[in-house]
Structure formats: C-alpha cells, structure tokens
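Paired with chain B in one complex and with chain C in the other, chain A is shared by the two complexes that follow.
== the complex of A and B ==
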C-alpha cells in the first residue's frame, strides 16, 4: 500500500511537467503583450522593447520554456508577478484559503445533500420522493452556476437584503457562493448515488442480508450503501475538481479574492507567472485529491486493496 | 385432495399461493394457486425448468420478494400455525434467519464482497441470539469449521474463496441460528459436479444432525433423488404433480413429469439423442387456458383447455400422490414412459 502511494506520488511529477508545458504553450500563443499592457497606452515602441528584454520576453519559445521549467522544477521558484512585482507563491498562498474554503464547503454540501437525496430516491423508486429528488437533480445539472449565482444575488442580496452582495467577511459572505458552486455537484451526486444504489439493491447479497433477518435500515446502511460507494466516491473526487474550477467563476461573480479572481485578472493582464503558477497549483491540488480518492477506494473495497498489494508483491518477486 | 384450509399438523403449510409480477404494465403470473405441506424434518423438492416460479415460491415464504414489481395476490403460508403473509415486517425480521433461512443459487454473488465472511455470519448470529461480540465470533468460527472451513479464515473476504468454499460460507450463514426450515434455492447449480456432491453430502449431514426441514429447489432430478422425501413438479407457476419421491420416480403420471424423466440421459442405453419435450415453456403473461402444458402435450384432448375455473384440478392417485391431468386413464401406469420413449 505504501509502495503504491509512493508510486502514485512519483507519477505526479510527469503530470505536473505536462501541465506546465501545456499551459506555457497556450499562454505563449495567446495574443497580447504584457509589456505593452504594463506600460499603458502612452508608452513608446522603444520603451516597450526595453521592457520586453527586461522580462525576457524577447527570447524564443524553447529558451523561455526551458528557463521556466528550470525555475519552477529546479529552483522551486514560482517567480514574481509582472504587475505587482511581488512573489507569486506568496500571492497564491494568501488567496488559496478562500478558494479552498469555497471548494471544500461546496464538496461538503454536495455529499451532505446529494447523497441523501440519491438514497431516498433509490429506496422510493418511481414513487413521489424519487420524482421530487430527480426533479431537483435535473434542475441542478441544467442550470449554469454563474447564472444561478446572479439570480440568487438579485433575490437574496438586492431584493430581500438578507445576505451581502459581494466581498469577504463572516460566514454570511460565503453562503451564496457555496450554494451556487455546489448545486450542479449536488445534482450529479444525487443521480449517481441513486443509480449505483439501485444497482446494488437488486444484487443477491442484499437479498442474503434480508434473508438473515436484518431490518431494512441495516440492509441499506450496512450492506447496500458501502457497496454503492465506489462510484459515489469517484463523483466526489471529480466534483472537487469541478468545485475548484467553478470557484474561479464564482469568485469573480462575488468579488472574492481567491485564486480564481487572482488568475482571472492575471489572464486579462497577460501576467504569465501568475497564470502558469495558478494552473499548476490547481492541477497539483486536483492530482492529490485523485490520489486520495484512489486510497479511499482501497479502504472501501478489499478487492481493490488486494489488487494494489498484489502488484507490489509481484514486482518484488520479479525483482528478486 | 389437499384441503383448502391450512394443515395444522404440517410444519409448513402453503395454500393457494398466487404471485404476480408487473412488468411494463403487463401482468406476469409467476405462481398460480400453489399449495403444499411440509412436515418436520422432511425435505420437499420443487422441480421445474427455469422460470417456472420455484424461486418466487421460496422468496414468498421468507418474504423477500421485491414489492413492487412482485405482488402476492392471495394465499396463506403457515409456519407452525402462524400465517407469515399477514405478519408485520418487524416480527418477520425475527423469523428470517432464525426460523427460516435461505441458501441462494449463486455463491459468487450471494456474499457481500466488501465484508469479511466471518462478520457476515456473526451478523446473523448477533441478530437472533443474545450473545456478546466475542461469543458470536466464536460461534461463527465454529460454524465455519462445521462446513469444513478453517476458523482462521474468519477475517478473509469472499474474493479469497473459491466458488465451492463460498457456497459453504453461505450454508454456514444459513445454518448459524439452527433454523427450523431451510429454503435451498438450487444450492449446487453454480458448482461443478465434484463440488456438487460434496455440498449435497454436507447439506444432508447437517440436515440430519439438526433435524431441519428443507425445501430444495432444483431442476436436477439427481439432486432430488439424493436429498428429497417429497417432490412437487412445477410447470408455469403451478404444481402439476406431487407425491413422495418414490411415487414420482417410479410412477410419474403427468405428461410433463414423464417428459422430464425421458429427457434424462440413461447410462445403460445407447441413444444418440436425448428425448426432448417439444415446444417451449409458455409465455407467463399469457398462459394457455386449462392445463398450461396442453400445447406441448402428446395426449392433449379438448378437456385439457377447459377444466374447473380455467385450470385442471388435482386428481388423487392414492397415498397423497396428486396429479393435474384429465387423461390419467389413458396414460396408464408403465405405458407412459414407453410412449414418450417411442416418440423420442
């Protein structure tokens, strides 16, 4: 098991390299010149050219790519922002907490609401409860998060004045962003939970559990749900990625100073170091979540655990 | 003739059990007016082809039919004088696993893949017996030993066992609380022949040891010969012939039963092809009137599609041997087997 985790951690290095190269290349081919944007409309061609040399933007693609990779992976330095001149690493660190707060609470909401909805729908299959739950889920997958965010702002902040319009502060500032960000996740979670529960409820071992004399509750929570968990956990992991991505949009709607709004303004200003590092950090976070999901699989399902361990044993044998 | 009232002397008495499934708005008659009695310590075989409704009968007795789509339309199932069909769910939970337990057909899927086998047995024990965790674990280990699995394998998971071993675990689970009645739903179908023999021997031994009654569901007449005392042949959800094992094996009277015996390979004769019953089982959503077997029956007459209230009543052939057929005079004893053999 430890070997498996180590292997997965090592595999993360090429993934990070890939992300870095990809996003660097995309930004390289993006039109727009950071030097011109920094100096403003009044700058002369000479001043702009000088700035480009200063930032190293006059170098060809491969030199710049290699310099960037060396800086990030060997010097372990995310560089400084073109505009603010401050360390990108520090900028990301100070903003990460808002993004993580929104993403993690959205995920919490997704699990706490989406899973029970799915279980209720599955146990009342084709009944009224099922119809209502699936109606909510249908709305959730169809409504885009940013639109929902705007509509909720109009209703709860502007018309009713219950919740603040934008910014950060106490918990009330995060209610609308988290709801807007998690609605689609709740819906996906409910649908996935329902379908995997339905599949498991029909299986023979659930009939065996009933035949043992367990109550319906015990059958559901001791036998059916644990077996239905694998696809449910997968959706939670994917959802976390969606939440991180969604946070970028939601932060802009609510003017929350997280990584999302940091990156958004950096993209508009072609502040390459921030964009590259921001994507890299989100990518690494997502990779870690996926690793965590795979490790949780092993604890939920002994067959998967055996599989991880068997591979390690086989490798040991062939090495010896 | 079976009485319409439940038999107070029998340990299990089933009367007029009728079960329907609803699928796409169509009603499928899975079990039609099934009645039988089972006495203490005896084994009752339900024989019939796939889809005849055998499993549905067993699942109705232990009440684990998924409702909907299934629906018990009418009938009475009396266990020790207690009608199971009208019992509250809570009380039924106390009977399942304790008084009645079930062995399922496919050991590969009958065990929870993510719970260790020992715990699955312990769960049944703790549900029904007032034992502490440690005592229950001890008992589960003893049960594993009883079915020939080392108690040390308590903490292993189903994927670490072979098919035959898994079926032993399922049997250990079913026997854990010394049930009075075991419903064995094709317990050997998914196993290969050598393992089948082992499992059957084990079931027989354990049954004798605990003097448990059993309903053995199978489509294998060899299994019936080995373990059953009484046999009922089920066709299209209805019992067509019923009697002691000897009566059914030496003197089968219903054309369907005769057909079943003729389709068995005979080790002493040199036949190239086995006799088959012509045609296919009827569509359960649209059963033929009268005797459901009449479209395939070589003796079919007009009377076969009539009968009292759309079905053929039982005829008592003496000593509890019953048969639903209108042509019993024609199908004389002994003549039936020859006739079918000639056809083949």
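== the complex of A and C ==
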C-alpha cells in the first residue's frame, strides 16, 4: 500500500508539469496585455511597451516557459503578482483557507444530506419519498448555483434578515455560500446513492441477510451500504473538484476573499503569475483528493486492499 | 409500527426541504418585510440580520461604510491606479496637491516656484508628521517620487528627469518635457510617505500603510474590507488649510468589497453599506426619491467617443472624409443620452466635456454634427463606398452595449450595417492598436487636469509606436495644432479652438456623450463630496448621525 501511495505521489510530478505547461500556454496565447492594465488608461502605447520589457513579456514563448518552469519547480517560487506586487504564494495561502472551508463544508453537507436522501429514495423505490427526493435532486442539478445564491440572499438576508449578505466573519457568514455551493452536489450524491443502493438491494446476499431475520437497519447499513460505497466515494471525490471550481462563482457573489475571487480578478487583469499558480495549486489539491479517494477505496473494499497486497507478495516472491 | 414512523419522518423531512426550496424560488416576489415596500420600492434601510450596523462603530464612534465593486488588493503607495485603488487612495494617502473645482490646492505643498521652463521648486509645510510620528521632510518627498519612478506604475512621472531635496523643506523637480497640466497632474500623482515608515514596513505598505492622512488603516482583510480609523494626531491643525481630501468628518471609514452588482444593491437597501458609486443606472433608480436614500449625480470626467480607423492599408475610413462625416451626421447624440444614460448625461460638443477649465464655452452653441439623415445619405453617396458593413469594437458593458445598439439602429437608417464586437477591457486594450481588428471604436477617455490632455491621449502621435494617432491617421497639421494647444505658452482659447475646429472638420473621431456617476447613499450622508477623479471622499462628506 505504501509503495502504491509513493508511486501515485511520484506520478503527480508529471501531472503538475503538464498542468503548468498547459495553463502557461493557454495564458500565453490568450489576448490581453497586463502592462496596459497596470499603467491605466492614461498610458501611451510607448509607455506600455516599456512596461512589457520590464515585466519580460516581450520574450518569446519558449524562453518565458522555461523561466516559469524553473521558477516554480526548481526555485519553488510562485512569483509576485504583476499588478499588486505581492507574493502570489502568500496571497494564495491567505485565501486558500476560505476556499477550503467552503469546499469542505459543502462536501460535508453533500454527504450528510445527499446520501440519506439517496438511501430513502432507494428504500422507498417508486414511492412518494422516492419521487420527492428525486424531484429535489432534479432541481439541484438544474438550478445554477449563482441564481440559488442570489435567491437565498433575497430571502434570508434582505427579507428575513437572518443571515449576513456578504463578507467573512463568524460561521453565519458561511451558511448561505455553503448551501448554494453544495446544492448541486447534494442532488448528484442523492441520485448516485439511490442508483448504487438499488443495485445492491437486489443482490442475493441482501436477500439472505433479510432471510436471516436481521432488522432493516442492519440490512441497510451493515450489508447494503458498504457494498454500494465505491461509486458514492468516486462521486464525493469528483464533487470536491466541482466544489473548488464552484467556489469561484460563490465567492464572487458573497464577496468572500477566497482563491476563486483572487483568480477571477487575476484573469480579468491578465495577472499571469496568479492565474498560473492558482490553477496549479487547485490541480495539486485535486490530485491529492483523488489519491485520498483511491486510498479510501482500499479501506472500504477488502478486495481492492487484497489486490494491492497480492501484488506486493508477488513482487517479493519474484525478487526472492 | 417503527418502520411506519420512520417512513413518515422521511416524508416530513422531504416535504420540509421541498418547502424551503419553493420558498427560495419565490423569494424575489411578494410582500417585503424589510428594506422594500409592498410596491417593490425601497424604504429606509435597517441593519439586516447579522450584518453589522453601519451607523456606529462598536465603541460608539461615527462610522461610514463605503461599497466598492473592485478589490484594491494592495494599498501600497507605488502600485499605480486601478478601479479598486481609485476609491481609497485619498483616504489612505496625501499628495503634494489636489484639485477641487478645477483649481489646484496644496496639501503637503505650501508653495511652488518656477526656476526655469523645466525646473520647479516645491516647498512643503515644516510641521508634517506621519502616523508613526516620523517628521516628513523634502528628503521623504524626493524618496517617494524616486520610488514611484523606480516602480514604474505611475506613468505621469516619466516626464521627470530628477527629483532631489535642496533644503529640509524644498524639493527640486527637473523635467524632460512639460506640457500644459502636467505639473498639476504630477503633484497629484504620487502618494507621499516617509522613507523611515516605508522601509520599516514588511510588505511595502501593501496592507498596513503609515501615512500622513487623518485616517490610519486599522484592519485589512484582503479581498473583503479595509477599515480606516481617525487618528488623534493629524498634523494639519489649521482648518483653513484643510482641503477636502484631508478632512475627517467621521471617526471610522470602512470600505467593503462587493463585486456582485445585485449584492451591492442589496447591501445599500439593508443599510449594510452607506454609499456606493458603483450601481448601474437601472439599480440606482431603486433609490431615487425614496425615503431614507438619496442619489447624488456627479458629472463624469470621462466622455464616450467614437473613432474611425484611418489606417492607410486596413482602415475603412482612410482618406474618406465624406464617409466619416456621413456616420457622424447619422448619429443622434440626444438619443444616446436618453437611451443609454436614462437622460442622466450631456451630449458632447467636442472630444471631451465641460468639466475642464480649458473648455471653450462657445462650442456649446455650435453645430456639432447635429443629426441630419439627408445630409448623411448625401455624404455617403459622395463617399463612393460600396461595402457598408462595418465592425464596431466596444468594451463590453451595459452602457457601451446600449450606446452601440442605439448607434447600430441609427446607422441602419442610412444603409450602414454595424457589427458590434464586444471585448473585455484587456482584450480591447490590445486590439485597439491593431488596425485589422476594427473599423469604428467606441471607448471613453478623461483626465484629471485639462481637456487638452484628453486630446493628447488620443491624438498625440508621439504616444504611439505606429507613429499615427489613436486611429492610425498621420496628419501633420493635426499634430502641429495639438502641440500648439499643449504648449504652456500657447495654451489658450484660440489654440484650443483651432484644434477643435480642425478635428471636427476632418472628423477623425467625435465625442458622443458625458455620463453621470450616480452616487447612491443613505440620508445619513447629508452632503456627498467627491475628489478630482469623481470618487466619494468619505472623510469630507457631511453627516447627520442620529
């Protein structure tokens, strides 16, 4: 298992390199000039050209790419923002906590609500509860997060005055953003859980468990659910990526200074160091999450764990 | 029985969740409990929910909350201008001088003296101290300007050859070139800080500037808010010398960053913020004439303009004055003001507006391509142009899209088909230097000094790498007239009028309209005061705290 984790960690290096090259190339060919923005509307074309030289933006593609890769992977420096002159690493660090807080809370809500809804729907297949749960799920996948966010603001902040409109502070500031960010995830989770559970509930071993006289709770939670977890965990892992991405919009609506709003303003301002580093950091975060998901597979499903162990035994034998 | 109970419970939960969802769907409709009257109009604000009350700070001090749509991110002194920084700069920093009502007044500067055409001595007050107690001297002013030049983000400083302290309170500026208005612009361009405070700062004052203003930054949450608190030790105690940007009529100024337009409107409705000048014209209407709110319109420095591509190879309008004039005569400027600005604006009578001291009053009574469709059709026929499909490049936005759409309809009346190409500001900034990208360009320009500097931005060929003006035209007479108007010695009504008449006759570009910045605020603010850039100056506003 440890060998597998190490192998996966090493595989992340080319993944990071690939992300860095890809996003650098996209940003290089993306039209727009950060120098013009930095100097404002009053700058002449000559002044803008001078600023481009100062920033090294006049260099050809390959030179800039190599400089960037050296800076990130050898010097371990994410650089400074063109526009704000501050360290990008510091900017990301100070903002990452808000994004992770929203993403992880949304994930928690997705699991806590989505899974029970899916289970209820599966155990009451074609019944009223199933239909209601699936209607909620349908709405969840259909309603855009930003619209839901604005509607919740109108209701809970403007009309009822229960929750703050925007900003960061205590836990009350994160309630609406987390609900808005997780709603689509809850729906997806509910649908996936229902589908997995339905598949498992029809299995012979579940029928056997019932025949043994086990209570419905024991049948569901001891026999059915553990076997239905693999696709559910996959959805949770992928959902984390969606949560990180979705936070960009939600942060903008609720004025939360997370990595999403940081990148959004950087994209608008063509602040390349922030965009490149932001995407890289999100990519690495997502890679770690997927690694975590793979490890969890092994703990949830003994067959996967046994597979890793068999491979290790085979390797030892062949080495002997 | 137990099974049945669980089944019922799950149904109840599902029904509750559905009800919440349905409630949210209808959240935008129906009766209002707070913030809105039953007719959907806005009523007096009250602090909503857990959003802090904006009227007073926790300690009972008077407080104003300003809503910003853009994040300043870095409030260091030498980072240049941005839509976010423009709103907070005068609260965070003091400058040598400022402009009020077109006149220049010293802030840190006591007086200045011309030594020769390109050399000026600036004397500062001898009792200036920053918030850390550092005494500000001429050395600090020289340090600030030299740092500004070194950082390279303040383009107006590029005309400076050298800045040095020649005595404890006198700084000498030597310039390479100096046009009309440059001097005033230079005094207003560079924030002044003490060298000691700047060097003591760990982050080049990005988050915790130590400055000479009456307000000290006491809280900085990147991307969220900045709080400035009045100090007890502001250096300028002579009230007769206090300019607007140095006034301190409120104890605490909080700037909240709210990028989403609808959230900004909600924040003002609920009293979470007190003032903002970032609302769209449509949203501003919610606050006009409503109890507890007021809207103060401020004429914008910027003027919307239309420019014709006159590049010799790519320009659809090169060497064809009739075609350019035909377009100009087909456009109804009053329709633009009515349609795009809801009537809150003024039609342009030159490449600029009346905000500037060197605007010539007689232009207001002149014919400036007053709409004449027959003449437009006649000129179009004389132009001999067969391809009447033209590309109009705009910076995407509500107002520019409205203007472009109105013009599209107007030009269709003379048979010209306009394809509107909206780009974001950065892309447009790149494409405007590429003649193959556009035939017509709609943009806006302004200046904090003189009208001639608005002209300079567009028509001075020395500012462009292609040796043409903004529209690639290489007209020596235009350049010569501009240089005469820009020259300190020959800048007068006659030289201004000569350039204006020539530009109008050649019709390389036309001014369209001047919009208004609508500053929406609660009646807690009884008088709005703005700076030279049209931004609210919270310290100078007048308040009626209850």
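Structural remarks
Definition applied: the second predicted complex is superposed on the first by the 309 of 320 C-alpha atoms of A that agree within 3 Å, B and C clash if a C-alpha of one lies under 4 Å from a C-alpha of the other, contacts with A are read in each partner's own complex, and residues count from 1 in each chain.
One rule holds in what follows: a residue touches a chain if its C-beta (ideal position, glycine included) is under 8 Å from a C-beta of that chain, and two chains touch if they have at least 3 such contacts.
Remember, predicted model here, so these are calculated numbers, not experimental data.
The superposition on chain A brings chain B alongside chain C with room for both. Judged by the number of chain A residues each one touches, C leads among chain B and chain C.
Of the two partner chains placed by the overlay, only chain B lies in contact with A:212; chain C stays clear of it. Note on the composite model: angle chain B-chain A-chain C, taken at the C-alpha centres, equals 150°, rounded to the nearest 10.
When the shared chain is aligned, chain B comes close enough to touch A:227, but chain C does not.
Once the two complexes are overlaid on the shared chain, A:306 sits against chain B while remaining clear of chain C.
Residue contacts after overlaying the shared chain place A:38 against chain C, while chain B stays out of touching range. In the superposed model, A:194 lies in contact with neither chain B nor chain C.
Once both structures are fitted on chain A, no C-alpha atom of chain B lies closer than 11 Å to one of chain C.
Overlap of the chain B and chain C interfaces on chain A: residues 216.
The part of chain A that touches chain B in the complex is made up of residues 202-205, 207-216, 222-223, 226-227, 300-303, 306. Chain contact summary for the complex, chain C toward chain A: residues 3, 7, 10-11, 14-15, 17-18, 21, 23-25, 27-28, 32-36, 46, 48-51, 70-71, 73-74, 76, 79-82, 151-153, 155-156, 158, 203-204, 206, 221-225, 256-260, 262-263, 266-267, 269-270, 272, 424-427, 429-431, 433, 445-447, 457, 460, 462-466. Chain A meets chain C in the complex at residues 31-34, 36-47, 49-51, 54, 81, 83-86, 91, 94-95, 117, 120, 124, 128-129, 132-133, 135-136, 139, 148, 150-170, 172-173, 216, 252-258, 261-262, 265, 268-270.
Those residues of chain B that touch chain A in the shared complex are 59, 62, 64, 66, 89-90, 93-98, 101-102, 104, 106, 109-116, 120, 123-124, 127-128, 157, 159-160, 170, 173-174.
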